[in-house]
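Encoded as structure tokens, here's the structure I'll be asking about.
Chain IDs A, B, C and D follow the sequence of writing; residue 1 opens each chain.
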């Protein structure tokens, strides 16, 4: 059986969600991972969206952390500051976030690639900013990071630290007064990284089938350490893959982007209807 | 026509409420005053209760700032801190509060009559505390005070300032950073006091019929000034009195306390039913 | 999603409350957790510190029974019907034991709970300047705000060991929906280290999902859920029952002396084994009438999904 | 109680918004006041400072049209479907004009609105320590809290001159009931000096009174009420309509160049006299389908009083 990297990433991420956890979730791969987990091994986990939706059972794939689907059949529909206040208070078990740049201590940049001779106010590439990612990185008990392993993303030094990982090393989170546990795992399209409990440095822990250590090292700017017990990522099960496709029959996350590029309104309408009808069967 | 002092106080207080005002109201005389105002000259005023009820149209006389009746048919039912936050933000036009002791600058004590040789922790008479009164005294645009004119209530020096009036005189509220306008009027069972715009000192402005200046002065510890244009309080109209009795047919506020002392549950039930049936006619 | 937190009040109090705990109570007059105060008295939990905004019976009872070491509050009294006799006796005369007082305003207590709910160490308020409240309370820190130089008063986060909140409806997970005035309950629920929800009715989670905007307390704040109809008697619960004023007047009369209060506790709190017996003692006719006085005026609306 | 604040959007913007104003926008993706952004562009209100948490089209449009001097925000982008091209172009290349940025987190922006709503000059947050956010933002003041010595970051109150919030339902006085996620709207409403409510439907005050717990914005915060069905298009409104993704994709494609965006604004924002014409241009069939995609999944429940 063949799997796409997206399916691999969703499956790998979903397995890191435990039963009974409050899971603070972003859209895309984390969302699919959360739903797969709740249907397979974590039936009592609760998905939480930043803008106020807690425990929704959506029949539509949410397109953001705040669209209408994030409160469909929810347990709670409330305010953004209230939900992020609950994160700060320590109620959230696990958060899944992404980034444009990451360094070896798991610090993330989603604000700006400043670039040579440029400034924060006039950078080479402006990115969206923190959103709630810094709040989650600061206070969630566990943090999972999902991002593609590509050149200039796993860097020696960030242009701007948007969301703290272990900052400059052991003890720094405590000194900064951050209560969350910091990053635990980085899930990419080629491998999974974890963090050394003593040095807090990111190391290669699991490889996707067919990926080599050298291939990973080539994409990482710093001198990447490899775990003493390098594992291979377990492939998705058929059950996992079936569920993710029922949730995303139009391939928003799992499919190719170009497929949707020139969709007419009529096609969009038809696919959206199919999507919620398919999901209805799952509930 | 004869009027009771309670009827006089309700009427006098109600006339100080203007149309379109947000009126932050305590129970008892202020509540009746608010309802009378809304039925006669201030149809667009909105009554606000501290524990979260805004704009209720109750058919039952509320017994507190937080009972079930305070949100009956309300415009908003929300949180205590939110409503008092709105006071602090400056949304409230007029607040009506009471006190156990008052001084000439309109400062109020509702915390403790400490007494000679006693302490705050072990006072002669412990009182309930501020509740929201300090918050209202600090931030409401206008403050009306309702209390009986009795010995040892209008004192030279308070044992404890619970709610600030003009503190120690002109400029003190501004120095303390208080945004509300401070006390405007004190309504008693014998007269109405106001505050000199320059000295901020309380002076006698209106007498109830049959009450003498000396009688008032005798009950006030400091050397009370009398307004240059001493007026007589206009008696209640028949319309006002009719409305207040329809709202309080069991005389909780208007009647004598002793009447209710030994009421059986059956009597209570019957009177409460009459009360809301009577009020239903008014809505 | 089906973690079941339903238990009995006796078990919840036994398992989650310790002597010397700091305790917060929800509601104000409406929805005060009076039955929880009965249970704390029955289990004789001692040396409690209470953090409350403005409370009536739920606090008066604990003070009168000698369980309380300290009260951090804005207001302790018995509404319009009388004074806080137990509170006065304890503070003025040290009977049955002296309690330490720490005064705030309602907004300041509200901000203490909000700070606790947000996980921040303090919040600023504009109130209390120019009054004696900060003078007698070391925990209030006055400062000039670093932005505009305005005087503000900081109050510390309230982080009670345990809180009791009585609501209309909750599911077995603890998702609680409160109707009518909310007092400070949304924040108390989050500020507390342990939270016991008592409710008039446990409803299916599917009912909660019909109107998630009404869920003020999410399950993840909740440690125990107890179904406890009339759990606020003699006080009221919006949509469920109105104030039992004659009962309140009777216990207030009894509270005129410590002996009178002790006898009242003996009769109304210690004489039964289960709360149902307390309700039987009141009689079903009386309870039905209290319900009618409320429901003739207000009922929780029926929520119809399409 | 019948003060009528109903007006048209054109009049509200004309009367209540000035050049150089600080402007806040409600919603996030759902209920973003997109039609209000159209109207600001039509009236060419200039040199605006925006304070927003995480926004999509409502902010992108204003930036692309050159109305914005500065953005104080946590996140500006176009959801999952693409980048914030206008934002990037303005910050990176100064087209159509450079905008100053001031970064926060979503919680920090939320606390800025909460501070404004409470009338306090600042609030503390635990986030942002150990990151570069405070390094580039002078308004964030780091301090050791005076209670426990913990590091906290103070953020200043947001006090926008004017805010736009699009809701499902409001009455003529301005009492607004919001369903689904609330974002920061409850605080934005209170923090703003002037507030314009646009809504899908104006409902009678008697409907508001059926469920006062759902009134998140009291009338006393509100300066103008505008009935504006589809006022968030192409974004969604819970219970009313779903995202018009193809429309979003088209304007995003147009935004790839400034010229493309300008032409898009000409066609979709400046070519009509009334918002109804914009809706006619979209076509009633398309609007009906967007409504169906939403209502097959979620409708605002019917509230039945007994």
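Miscellaneous remarks
The definition used in the following text is that a residue touches a chain if its C-beta (ideal position, glycine included) is under 8 Å from a C-beta of that chain, and two chains touch if they have at least 3 such contacts.
Keep in mind that what you see is a predicted model, and the values were worked out from it rather than measured.
A centroid comparison over C-alpha atoms places A as the chain most distant from chain C. The interface with the greater count of contacting C-beta pairs, when A-C is set against A-D, is A-D. Measuring from the averaged C-alpha position of chain A to that of chain C gives a distance of 40 Å.
In whole angstrom, the spacing between the mean C-alpha positions of chain C and chain D is 37.
Remark: chain A and chain D have CA centroids separated by 26 Å (rounded to whole angstrom). One finds 57 Å separating the Cα centroids of chain A and chain B.
Multi-chain contact residues of chain C (touching two or more other chains) are listed as 119-120, 125-126, 150, 152, 179-180, 182, 213. Residue positions 53, 71, 77-78, 85, 88, 139, 179 of chain A are each in touch with at least two other chains.
By the document's touch criterion, interfaces exist between A-C, A-D, B-C, B-D, C-D.
For chain A in complex with chain D, the touching residues are 27-28, 49-53, 58-60, 63-72, 77-81, 84-85, 87-88, 107, 111, 120-126, 128-135, 138-139, 160-164, 167, 172-173, 176-179, 252, 260-261, 263-265, 268-269, 272-273, 276. Only residues 27-30, 53-54, 56, 73-77, 79-81, 84, 87-88, 91-92, 94, 98, 100-101, 103-108, 110-111, 113-114, 125-133, 136, 150-152, 179-187, 236-239, 242-247, 249, 286, 289, 293-294, 296-298 of chain C touch chain B when the two sit together in their complex.
If you check the complex, the residues on chain B that touch chain D are 20, 22, 43-46, 53-55, 57, 71, 73-78, 85-86, 88-91, 139, 179. The touching residues of chain D, when paired with chain B in their complex, are 1-3, 117-120, 173, 175, 190, 205, 208-209, 212-213, 215, 218-221. Interface residues of chain D facing chain C in the complex, by the touch rule stated above, are 119-126, 141, 143, 145-148, 150, 152, 154, 156-157, 178-180, 182, 210-211, 213-214, 295, 299, 301-306.
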